[in-house]
Amino acid sequence: MDLTYSYFPGCTLKTKAKDLDIYTRETAAALGVTLVEIDNWQCCGGVYPLGSDEVGNKLASVRALNDAKEHGRDLVTVCSGCFHVLKCVNDDMKNVPDIRDRANRYSQFDEPYQGETKVLHYLELLRDAVGFDTIRKKAEHPLTGHRIGAYYGCLLLRPSGILEFDDPEDPSVIEDFLEAVGATPVKYQMRNECCGGYRSLEEPEFTNRLVGKIFADAKTSGCEELVTACPLCFYNLQKYNGPDKLPVRYISEVLAQALGIEAGKGVR
Amino acid sequence: MSVTEKMTSPEAVLERENLAYLGDAKGKSEGEWTPKIVAFCCNWCSYAGADLAGNNRASYPAEIKIIRVPCSGRVNPLFILRAFQKGADGVILCGCHPGDCHYMTGNYYTRRRMALLFSMLDYLGVEKGRTRVEWVSASEGAKFAATMNEFAEKIRSLGRNVRLEDIRCRN
Amino acid sequence: MTIEEANIREEVLLICGCDVTRCMKCGKCSASCPAYDEFDIKPHQFASYIARGDMYELMQSKTIWNCLGCFACVERCPRDVRPGKLIDGVRQAAVRRRGGTHLQPEDIPSRIDPDTPQQLLMSVLRRERK
Amino acid sequence: MQRIGVFVCHCGSNIAATVDVAAVAEAAKSQPGVVFATDYTYMCSENGQNLIADSIKEYGLTAVVVCSCSPRMHEATFRKVADKAGLNPYMVEIANIREQCSWVHKDTEIGTPKAISLMKTAVAKVNLNTPLQEGESKVTKRALIIGGGIAGIQTALDIADAGYKVDIVEKTPSIGGRMSQLDKTFPTLDCSSCILTPKMTEVAQHENITLYTYSEVESVSGYVGDFTVEIRRKARYVHEDICTGCGLCMTKCPSKKAKNEFNRGLNTRTAIYTPFAQAIPNVPVIDTEACIHFRTGKCGICAKNCAVQAIDYEQKDEIITEKYGAIVVATGFDLIDLKPFGEYAYNLSPDVVSSLELERILNAAGPTSGHLQRMSDHRQPKEMVFIQCVGSRCEDDRRGKPYCSKICCMYTAKQAMLIKDHYPDVNIHVFYIDVRTPGKAFDEFYRRAVEDYGVDYIKGQVGKVTPQADGTLLVHGVDMLDQKVVEINADMVVLAAAVEPNPDIRKLATMLTLSIDNNNFLNEAHPKLRPVEAATAGVFMSGVVQGPRDIPETVAQAGAAAIKVVGLLAKDKLKTNPCVAQSDELYCNGCSVCQNVCPYGAISYTEKEVRDHGVRDTRRIAQVNPALCKGCGACSVACPSGAMNLKGFSNRQIMAEVDTVLCQ
């Protein structure tokens, strides 16, 4: 099976979340997956532009999607934000004729882009193409005894009708992943609640309160550590300074540890 | 000259025949032309679906005229040929969903029979878009109206049907 | 409802593509909202406000700036009204009319720290200015 | 040439608002064969019917066209009118100018010409109509009830009491249905089993009733008055006729870990079991998946302990075939799957239960012997939250249903009061969207919960239920009336899950050619006027299979279905549809194509002497049995020589319709 994918890192992964990027590439390589970074990709915009009359904001995503199509590959991203935006825009290109026509008129691709590319989150790739069983076999340094909670946040799950990532109210992909790397996944109810997102710029107190509730629930449910796939969630969780704070890591870092990829190789 | 004489005068017939063969009918008389569409509906599902569209006041164009048949399998290909001969611009046949036929198997026959008939008609120049089979259940009033709107729109875009039409029947 | 408000309403409904008449006032959106207490006009009220055309009030509300865009209400709305999209529609209408931002660019440098991810800044920019 | 009368109905303003009815009547007058045409406000009213009858006599009409609502609505009415006036009922045709004209077009400019065109089409058809005679078929004086819940039980009793034989087919090992799982019933709070079990016993002892429990309908053929049904009697591995119901096998069974379906999985049962103590018949069933003997070939303790040797591990499924005149579908409902409602923590906490699970918890014969307690730690809850409309009124078809489940408001008030009666210190909060209590003494009942019992009703749905470290459940919602967040640390959360028809109905609907709506509820022949009859003649419905309803309504409907069945079984002969196929012996070449396409086996062949152009000849000729033919017309299209035709929808009639509809 050819495990070559187009890869959309996203801007945060090039700067503040280099760990997420580097661990993703290294773990992918270790699992026999080739991630080919798209040439000259541009920022997806961070939030999906909801306005059905705004096409300009969606063009960066369309360009990335079309690039993957031209290479005949699925498009993989590991950042929750990018995943959300790319997949929502792709849905527009597939199902909303007005947006599709306008975006294509503007972009002037060789042939019109009609949502052909399949957008995958790295976790989906691990689950469906690599297989959690393979990871279980290759995890030579399993995280045995680690009680880890998955923090999904919003952008990975909602709106579920479009993202089709997992059950939006009772997700389990990350738990299955954690189980594969040998850890003990702990389900807690607040794992799909919002961390406050971009409001932390203006109202850090407010986001702190939300994050506090999440940590409290995670801790009382027995988590010793949280993992996430979203740099913004990671930032908000990290900034929390209340009593229930738990260590937070990216999913790919956990995977790297299990595969024995040397920690610290990534540039901090 | 009476109207009948006018219609049947050699000149008039010739002119209309020319029009028909040149396929020019679409362009010239577009202003006043409204398509003629026959919808055969099975009594149990689609006719009830059409009634439901009425109950829900879901409108569709008046040029759709429904003929009730007990089952879509009752529709003889000859009826459809006759419709085109008599100047129909489109014919749609509606029946119960496969598996739901009130008579168990009628719509399976319809499905196979019409596939053959429609490709023969296509070969004869009656485009595929002018003929259609659609499954509409008794609960799908909205689907019935939507299908009819879509079909009428399609027929309008295809213009007047001049193939197979016996212009002596035109009035 | 003034003519201008009617126009804004038209625009908002176009932007979000939602049908406010489907709302059955169940309150699931408000109950799911993590920022409920930060709102002056609550998520479940948006459908009624828009139906009535009280667009000025909506555009001046704190809600449109405090919404997190977390999609919890969109996900859980049993009637497919998707209040989050309504709020975003009003916010965009407001942004387009003022032509500026809620947070001014000069407000931002003092608020960031060395770890602030680009994603955050992009989100703020995208959401709060045209 | 016929003498045709055309009658145009206004239907109040339903037709008249968008169709110039007078113009339609006027246009009719110039149609070939039409000798009389008029319009009237309500053609289906007594005056309207008299108008038609009188006109038939006065003008010597030989055919009638009524331009009115759908033939599905009043064709039968107008045919009866013709019959009374001495005209063959099949000389009546309907032009549907309401559902397919006035209701779908907006103004008279469009409506009137279309109505005229539809009228002309009907006139053209009726010109070619011929009088048809109804045939007769026999009636098997036995009814089949599918489903042994309260709906099926009541229907069976009413039919049996009227003196007819009734068989009940029930899928589970016992009759009783959902009602047997309930603790008390609203609005009287009488004990559910106290009123149900006497009826169950009556069923078991009734001389006219035969019970087939642990059985399913395998196939159905035939038609009204003469259905043939195959019933699969699943192997119980216990002989019903030998077993004494002593129950020793169940006490001795070592396999005790099977999920107890009757208690909604809240506890376990043995592998050989009856669903509940008052089960009828009181004969156990072996669950082969749990039984040690069936899994390993060992054990056999039940057989060893059975004093009468009723246990037979070799028993096989048995198919029995029986004839029925009428069938009643009463397959009932289940609750929807609550797993997709993760925000209520149903998957995460055993203390979040469905309303039916709570019913079992409150029941003295339930998993907690009737003590209100949490399933996690068996503690008695102090704070309870009820969440209404879980999956009801929900447009998201991935997890909910668009309809109101109707019973939840009332049973929630009931459960709240029952709990308050026994445990006055429990605080109860109900999150609701609307409280819907239409029904006799229903609103008073709900108000009693609020006023006398102090149940706290909060308007608004719950957003999230989060299990806490102390074992409580944090219920986060909003009071929409005072716009405040409400957070309650509940010990137990009860979800009023939407009801949905038993999924088996899809299979049954196919067997019985019934129509079902988008939510799998059965469609009635007419929602107002024929509410218990299916569109398929001879099939009736009872209970929630048709739509959400409570026990009193179900029982009332069961009675209605029963009287319809009795009305049918009381007849010795039934009139058959005369619109059947007919072969023209001069054209038939005996090729058997029609016989092959006929789904009813109505066509057979016979050697017959015919006279063709003066030549005598013996030929093989198709013959249609009018009692079996349902009039689908498949044979008429398949016939290569044009010998087959369908009465009432003949080739010439349909051709005439095609010609006229295109001629305007």
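Which chain is which? They are A, B, C and D, in the order written, and residues in each are numbered from 1.
The rule is short, and it goes like this: a contact is a pair of C-beta atoms (placed from the backbone, for glycine too) under 8 Å apart; a residue touches a chain by one contact, two chains touch by 3 or more.
Remember, it's a predicted structure, so these values are computed and weren't measured experimentally.
Simply put, of C-D and A-C, more C-beta pairs touch at A-C.
With centres computed as the average of Cα coordinates, no chain lies farther from subunit C than B.
Between the Cα centres of subunit C and subunit D there is a gap of 45 Å. Note: centroid distance subunit A to subunit C, computed from Cα atoms, is 25 Å.
If you average the CA atoms of subunit B and of subunit D, the two centres end up 35 Å from each other.
For the pair subunit B and subunit C, the distance between C-alpha centroids works out to 49 Å. The set of subunit C residues touching two or more other chains comprises 72. Residue positions of subunit B touching 2 or more other chains: none.
Each of residues 168-169, 193 in subunit A touches at least two other chains. Contact between chains, using the touch rule, shows up for A-C, A-D, B-D, C-D. Here subunit C touches subunit A in the complex through residues 14-17, 34-35, 38, 66, 68-72, 74-75, 85, 88-89, 92, 103, 108, 111-112, 115-127, going by the rule given at the top.
Considering their complex, residues 161, 167-170, 187, 189-190, 193, 217, 220-221 of subunit A touch subunit D. Residues 343, 389, 393-396, 400, 433, 459-464, 476-478, 480, 483, 485 of subunit D are the ones touching subunit C in the complex.
Of all residues in subunit D, those touching subunit B in their complex are 70-72, 96, 98-101, 103-106, 110-111, 113-114, 117-118, 121, 510, 513, 515-518, 523, 535, 579, 597, 599, 630-634, 636-638, 646, 649, 651, 654-655, 657-659, 661-664. Against subunit C, in their complex, subunit A makes its touches with residues 10-12, 15-17, 43, 45-47, 49-54, 57, 79, 81, 154, 157-160, 168-169, 193-194, 196-203, 206, 210, 230-232, 234-235, 238-239.
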